[in-house]
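Since the structure comes first, as structure tokens, the remarks are kept for the end.
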Amino acid sequence: MILAAVEEINSAGGVLGRRMEVFAEDSQTNPQAAVLAAKKLLEVNRVRAILGTWSSGVSLAVIPLTNEANAILMNTSGAPALSVPPANAKGLSFRFQATNDRFGRAFAEIAQREGFRRPATMAFNNASGIGNTEGFRRAWAAKGFANGEHVIYEPNQPSYRAELLRVLATRPDVIVMGSFLPDTTIILREWYQMGVPVRWIIPAWAANPQLVQALGPAVTEGIIAVDTVSNEGSPAFARYDAAYRRAMNQPGTANVYAAMAWDMAVTLALAIERARSFDTFAIRDAIRLVANPPGEAVSSFAEGKARLAAGQEIDYQGASSVLDFDEFGDVTPDFGVFRIERGEINRKYVVKI
Amino acid sequence: MFGALAVAGIVHGLIIGLTALAVTMAFGIARFPNAAAGDTMTAGAYAAVSVHAATGSLVSATAAAVAASAAVSLAGYLLIFRRLAGRSLAAHLVAAIGFAFIIRAVLGLMFGHQQRVFFLPLGWPIEILGLRVPPLDLALVVVAAISLGFVFALLHGTAIGREMRAVADDPDLARAFGISPDRIMIALWLVAGAACGVAGMMLGVKTVVTPEMGWDALLSAFAAAILGGIGSAPGAVGAGLVLGLAQELSSPFVGFTYKIALAFIVLLAVLLFRPRGLFGQRDAVR
Amino acid sequence: MEAYLLAISVIAAIYVLLTLGLTIQYGLTGLINFGHVGFFAIGAYTSALLSLAAVPIPLSLAAAALLAALAAWPIGLLALRLREDYFAVVTLGFGETVRLVITSERWLTNGVQGIPGIPRLFAAELATVGTTLTLLVLAACCLAAALVMRRIARSPFGRIIEAIRDNEDAVRALGKDPSGFKTRVLALGSALAGLAGGFYAHVITYISPDQFIALVTFYAWIAMIMGGVGRISGAVLGALLLMAFLEGTRFVRDLFPGLVSEVEMASVRLGAVGLALVLFTLFRPQGLVGDYTRR
């Protein structure tokens, strides 16, 4: 989607009259390979910005390189460490996805809204799982409520009965998970056969149609699934969606990260236009000028470029979210709350934090 | 709570036990630890889940698992391990690791890394002796018992089984009696593979099928094989049960991360204090 | 282009150091260490944590090597009473256990979140200068390790090690206890692995438990086997070949876009390493430059 967005940008006249060029490398979702990929991009291709790193391990490994090269890093990783020094000492990192912590806060809002009072948490033992659940527990405590049992479990185990027993012994009314599809499948299957009633709040990448297919409607009935939702009403989303359908033959809602990637390219281009310079730090400062209020709401590069040329300030409303970057370079997307009912995953409402 | 953990431990233990059985047989007869046992399990699991998705029958899935794993195991022998006869232990070990990687890579390419799941009806727990046992677990225990029954019947009731046991006890003597090694080996690798297949299917039913599932189970299988005494089939199964139960029952005390290390600790303890394991015949450790 | 090649060379040099450690252990004594990555990890975390606590990097690297060697000692003492295949299984378990401890002891290692922001060896403003200097330091370490290996092989200690490799019972019959020697060799090889791990931490600047999986051990094994067991030049050649393979697959995807997805590429790499292990074991166990006596 970066390529598609850049195509649109270039056909609208490019940035400051010049074409944007994209080089792609494969991080193999592995920090060591990512470092070499970044080295190649920064030193061989001399890129000015790196867009689209997804795994926290990759972003954390790459950011010292981009900082050193005074390049901007736009990522969709969850790790809290990316917001602050030493990783973000120069403020060159911009995160287009909710931090793990924000996910946790969203869970807390939802748990409160749904009327739960005795939540317990189960976390997959990796940064994302732990980040989500700890974010939840912090937010829950900040609301003045008491936190329940907290279990961290290892991947690839044949049975999670011991972990479940520990959690269920405290009689929670809901279990908030920081989990993934395979372990969620196993845990829910074991739980169901134990016959102990409890509700579930699960990230939507785990509580998805595959989970329903694996376990069936009876087991998954009533599960609350949560994920960031793209800014689906916006005109920017419509443009992205059209491009996505052309490229992938699927609706743009199929991939939230693709929408983020699209926004990365557009935001960067608009910031360059606003900065009227290719200096990294000027671009960095301009990003907030073009993406945050105040300004005229725009939804595409062409529109934004025109308004900037007319001397107006703009506020790019992105496809993935309204893209208001805070002082750490993080955004706060909206969260969609879905419930699984009779095997269907239905969106119930949206939560803003 | 310990009752529920014990039930989980028994199923877990049987899975370990079956793989340990395959490992101990290979260890006892071919005389090296087969590091490809885990990935042979995975191959069986994939065969089973594919057949089950097509037919809905657990019986045919089991048959598919047995056939696939036995075939993979035999292929390993014919293409690799037979050619390594007389070579060092290290060569066997390294080749086994390489074979394991190959199996895993092929499965990954064939089936992708998304999980595959057995669609089985889930039911309410059954009360047995005051314990609530999920019916799925019960079914798995029955499958395991039948498989073990077959293996022991083979080992103790047939000529080839007797010959296999003889070779495990004393290969030189066995050769002196004219027992043909190649026939034994083929039988060995087929049976060991079959055991891995059943274990893989069970693990897949209990959890999910992914390309890494077997490799993750390998260490426990080795620990159980050594605990039970190399070459002792009942030892391997018994040790598997012990290990499975120990892992489940210990988790309230050592935590959910370190219970995995239990296999390693058991391994060390056995090798230090009772190298021939519980039922091993000789101290072949040194 | 040079900067990119420099970066690859640095990683390759780290693998050379790691493989040299393994070569000392296996090549000279026949010890089958399947837990090499555990010592790599100990070295990485030690150097990372110490340097973040304001210890100068040369010291933290030395500590990394030392700690890895110390960790090897009890393993050696315990496990050297075992036959080689049991030892292999035990070391495999050790490697996994190290990773589990790193994952669990969050107070020390930050667990699965990993440790970002590890200081570089040379925080030079010009990235190329810093990388070149790092490469030189690494090359010097590899050279030193190689020289040490050669000295050991030629010394009385070394001759005993060679003897152990060929016939342990004879050595014991002469009244020499192999265990002490074996333990020292294990410690030395592990020290090299720890040193390699320390360098790794300062080059990648971010470490986390899932970078220290068993596959790394087998990368070192395949490098050693491809190059030629027991030969220093073999370790170097093998590590370079390994690096060329791992990075080369990047360009395969450039040449044949769409042929293989990224996830499939991971399987292809795994399968290729496995195939190489099997084929070299079957048909060329002495590796590309190794000696024929080693089977």
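All chains are identified by letter, namely A, B and C, in their written order; residue positions are counted from 1 within each chain.
Heads up, the rule we're going with is that a residue touches a chain if its C-beta (ideal position, glycine included) is under 8 Å from a C-beta of that chain, and two chains touch if they have at least 3 such contacts.
Computed from a prediction, not measured in an experiment: that's the story for all the values here.
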A-B or B-C, whichever has more C-beta pairs in contact: B-C
Geometric centre: closest chain by C-alpha means: C
Whole-Å gap between the CA centroids of chain A and chain C: 36
Whole-Å gap separating chain A and chain B, where each centre is the average of the chain's CA atoms: 41
Distance between chain centroids, defined by C-alpha means - chain B, chain C (Å): 30
Junction residues of chain A - those touching two or more other chains: 125
For chain C, residues contacting two or more additional chains: 103, 266
Residues of chain B whose C-beta touches two or more other chains: 257, 260
Chain B to chain C touching residues, read off their complex: 32-33, 80, 83-84, 87-95, 97-106, 108-109, 112-113, 211, 219, 222-223, 226, 255, 257-258, 260-261, 263-264, 267-268, 271-272, 275, 284-286
Chain C to chain A touching residues, read off their complex: 1, 3-4, 7-8, 11, 103, 111-114, 116-117, 120, 127-128, 203-208, 210-211, 246-247, 250, 253, 262, 265-266
Complex contacts: residues of chain C adjacent to chain B: 26, 30, 32, 34, 78-79, 81-86, 88-90, 92-94, 96-97, 100, 103-104, 218, 221, 225, 263-264, 266-268, 270-278, 281-282, 285, 295
Complex interface listing, chain B residues touching chain A: 1, 4-5, 7-8, 11-12, 15, 114-115, 117, 119, 121-125, 132, 134-136, 203, 206-208, 210, 212-213, 216-217, 248, 251-252, 256-257, 259-260
Touching residues (chain side chain A, partner chain C) in the complex: 25-26, 28-33, 35-37, 39-40, 43-44, 57, 60-61, 63-65, 68-69, 79, 81, 86-87, 125-127, 130-131
